[in-house]
């Protein structure tokens, strides 16, 4: 009897712990008035006083009809960074933004959850589409109900009923990375191109971008391509193998996905430990995961291309606010938030460059509308 | 007529059947007997198309048959009811009866359940079962399940039904019902091929008996003018001995005593005691509580009230592990395949399962040399027919499996042994061996034994005292069989009275 | 008679070899050898010290992942939560080192403790509430996965103590420490299953839980024990991975479940229970890693890589059946000959 009691207690405790751990997926970004002022990095970066003055005034009118929601995915640092932008927007504008984080990147789950949000009265949605093609049918349905949709991070296939996508130009980022790597390599040598999930259409775009740049340089060659990487374990395993099977023949590595970049940052210190540091392999990754930044500071990875997730959050909400206030946009528009190259020199303060870009876009926000 | 002509079948290294010629007629109950391994099962499988004969032919009403598989045989109105009860517990009675032909009850994949249930009810009637066709099969008794299997065979319009040891898991009363059904089938002009180890019931119900020995045909006799001993002689070539086994010296001390055992809704203050060196028989129908009662004593199931004393001291038995480790009580289960043995493991593994701890050295290493010696001794002592101790138990015959099931408790040196249905599905040679073994354990080694059995001759000739269970109560006690004041017939008469 | 006995001893000798070849792990080993020869012939980089070092390190981690699955398979259960359990352990280790600033040994203890506790939880729910292992571990896998993303928010922990990579990155006489640890563990487990009461009782429980109970074995306790060991092996795999990677990634473990079942099954440990094949698991881990490695080494088309992986694995596992078919064929021929001679 004691044992079974114990078991039940355990089960209860676990359930409790689980609930506490996950929390309710829907929370509200503190709006300006009631914010408890969590002084995060991001908050410091955007000077509240520079937030467009003209807009906070009419916002007071619009705020009553706009019910804004933000949909991201839990467990990804990128989405956490984007949300910091959303929080800052809520604080600056005084508009409450409902936060929802999906746990499973699947269009079916997203459909159900978004429909529930719309049923609660949400009429402005900043969202990361789970599937670039599949999300469109969801959008068609909810825009017909008068909901304004802005993608962040990932564009949906056109034609789409989303008004904007605020994100990074995937191909440009890949090309920037390749260009930078080749410059570091002295415009000659052999490259290992690491691709991520091959089912993702973005992977093909990145691949094309890298290949386009490499084609410009006659002395640079892609000696090997590895791909089909879904986890960091796989990334490490494949990069390791590619390095050893091309023993000493690889001069540079370009990773155009976050998981692959982490894999690269994990592999290289080990590689140098086993093989010695006589020959340096030039490496460039994407995104600013702690692991990658640490590797840059340690000198094992040379650079990474930083996206601007803060802007993805801030600007997508700002656009929704404008739409809610009655501004019109005739065509679907892609808002490129730009990238910044992070090296050892600027690894601590690269966010300043990103913020400058954010401000630049914010000051021209009206130009995106008719 | 179903005729077999010169059937032969070989397996690697064994000639399983050799030149078997037999004829089965409709409206005739034809028994097929022989010890385990005599070739009965192989012959059955050839008749039902599971195996193809290497030599010889099967004729049905004069035309030669080449059954492709069991389904093909069923389509030619030959059905088989196997020894292991094969029903789907979660399905209803009706579903079990027509399961493989559900598609014929209804159109466009929609089953007409009314028709299914009506059909099932009709065949249930034929085997004398008054059951609701929509009832789940799970809760039924072994006998009812067996009869449902026969109903299933009948529902295929079978002209020939092969019954493989249909009574092996049934109690005496249930057996009677089954035999009555067999007679009815005969009247309905069905040809019944009846495989059984029980000579009495064969003589009672069958018209003819054919005996196989080592894959060869020994002979066919009319049951009307055959004696039990004739058939036994045909089967084993030696005389059966089920006579008085002598006298047991039963001690005075009570080695096991159960007081006021109560399970709410089932047992109400039941008492029992067992003396040193005694063989105590527990009789009763399946479900009467005899097995359930002993399971309570040794901690397999939990009692609500009551006390157990071992050697006069209050015993705390919460699991079989306690019973074995603390009080050296062993339990040979009635379902050796489900509960008794780990079939996919070796003979040695199964024999020493209860004593690994005792075989372990100080650093917890099992002394394999000692283990092998013990296993070797046990195999020799129990006359287990196995190539070596590394053979998987599943490849042994029923009798040898049962020897291992008992042997593991002997290896564990149990003082009190509870043996449940020791000779179900066991051939005559092994059966006799097991009877002698049980006797010697009590007589020579002064072990105290509780014997649960549905086999009357077995129970009466071995037990010195019999408790009769009925409806979760002990309804009678037959004492002092040691001096044999009562004859076999008188004892069985008395048991019958208590059960009625 | 004399002739016969001579023949028999001859048969015994060849029978010994046949018995060796009949063992399922030998087939896997054979596949490993054949494939490594193929890959070595097709790529210069395959048979290098660095590559072999890497293969054996990854295989060693696979061994622990597979053991975590194998040990519960032995008792007839399964653990589909081991991937997220691994992630949780990694996060706890990372959190402890980075946010709480604990040293190497306390962090190891925290990792092992988390694994044991998670395994214990699985085991207790399965036995006490009498639920199916699949359902329970599926549910707990969500619990663990939620805790992983809740605690880490997906951020990696990079402040791992400097010496923590000692085990993951160094070797003894050119043999990776990871492999040595895996070999010792497998040797210990083989010993345990052959010679100890615990090992035998685990096997008996998996072979037939009811029969084990009826033979005086506390089969529930065995199931809990197996689940605890499963958690322990998951924790070891997680620790080794952190040690090799040099940082703690919350996404660790996402592909562990599939790997664990693949290695366990290829290695000849029956998923139905009652059997343990340690050497088989070791060779199967090498097989899986080697095929993946070899495909990169020979620069196979990345888009079709998984197809090749599937085909090679299918071939490797069907060797066993091919062997059986050939044996059956030979036996038939032999019997036919014997009959003709008669």
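Labels for the chains are A, B and C, by order of writing; each one numbers its residues from 1.
To be clear about the criterion, a contact is a pair of C-beta atoms (placed from the backbone, for glycine too) under 8 Å apart; a residue touches a chain by one contact, two chains touch by 3 or more.
Bear in mind the structure is a predicted one, so any value in this text is a computation, not a measurement.
Among the chains present, the centre nearest to the common Cα mean is that of C.
Ranked by C-beta contact pairs, the top pair of chains is A-C.
Rounded to whole angstrom, the centroid-to-centroid distance between subunit A and subunit C, based on C-alpha atoms, equals 36 Å. Centre-to-centre separation of subunit B and subunit C, using mean CA positions: 42 Å. One simple way to say how far apart two chains are is to compare their mean CA positions; for subunit A and subunit B this gives 69 Å. Listing the residues of subunit B that touch subunit C in their complex gives 10, 12, 300, 319-321, 323-325, 331, 333, 338-345, 349, 353-354, 356-357, 360, 364-366, 368, 408, 412. Residues 194-198, 200-201, 203-204, 207-208, 210-218, 274-275, 331, 335 of subunit C touch subunit B in their complex.
Those residues of subunit A that touch subunit C in the shared complex are 3-4, 6-7, 10-11, 14, 17-18, 21-23, 74-80, 103, 195, 198, 224-228, 230-234, 236-238, 240-247, 259, 262, 266, 269-270, 273-275, 289-291, 294.
Residues 43-46, 48, 50-51, 53-54, 58, 121, 124-125, 128-129, 140, 142-143, 145-158, 165, 168-169, 241, 244-247, 249-252, 254-255, 289, 292-293, 296-299, 302-303, 305-306 of subunit C are the ones that touch subunit A when the two sit in their complex.
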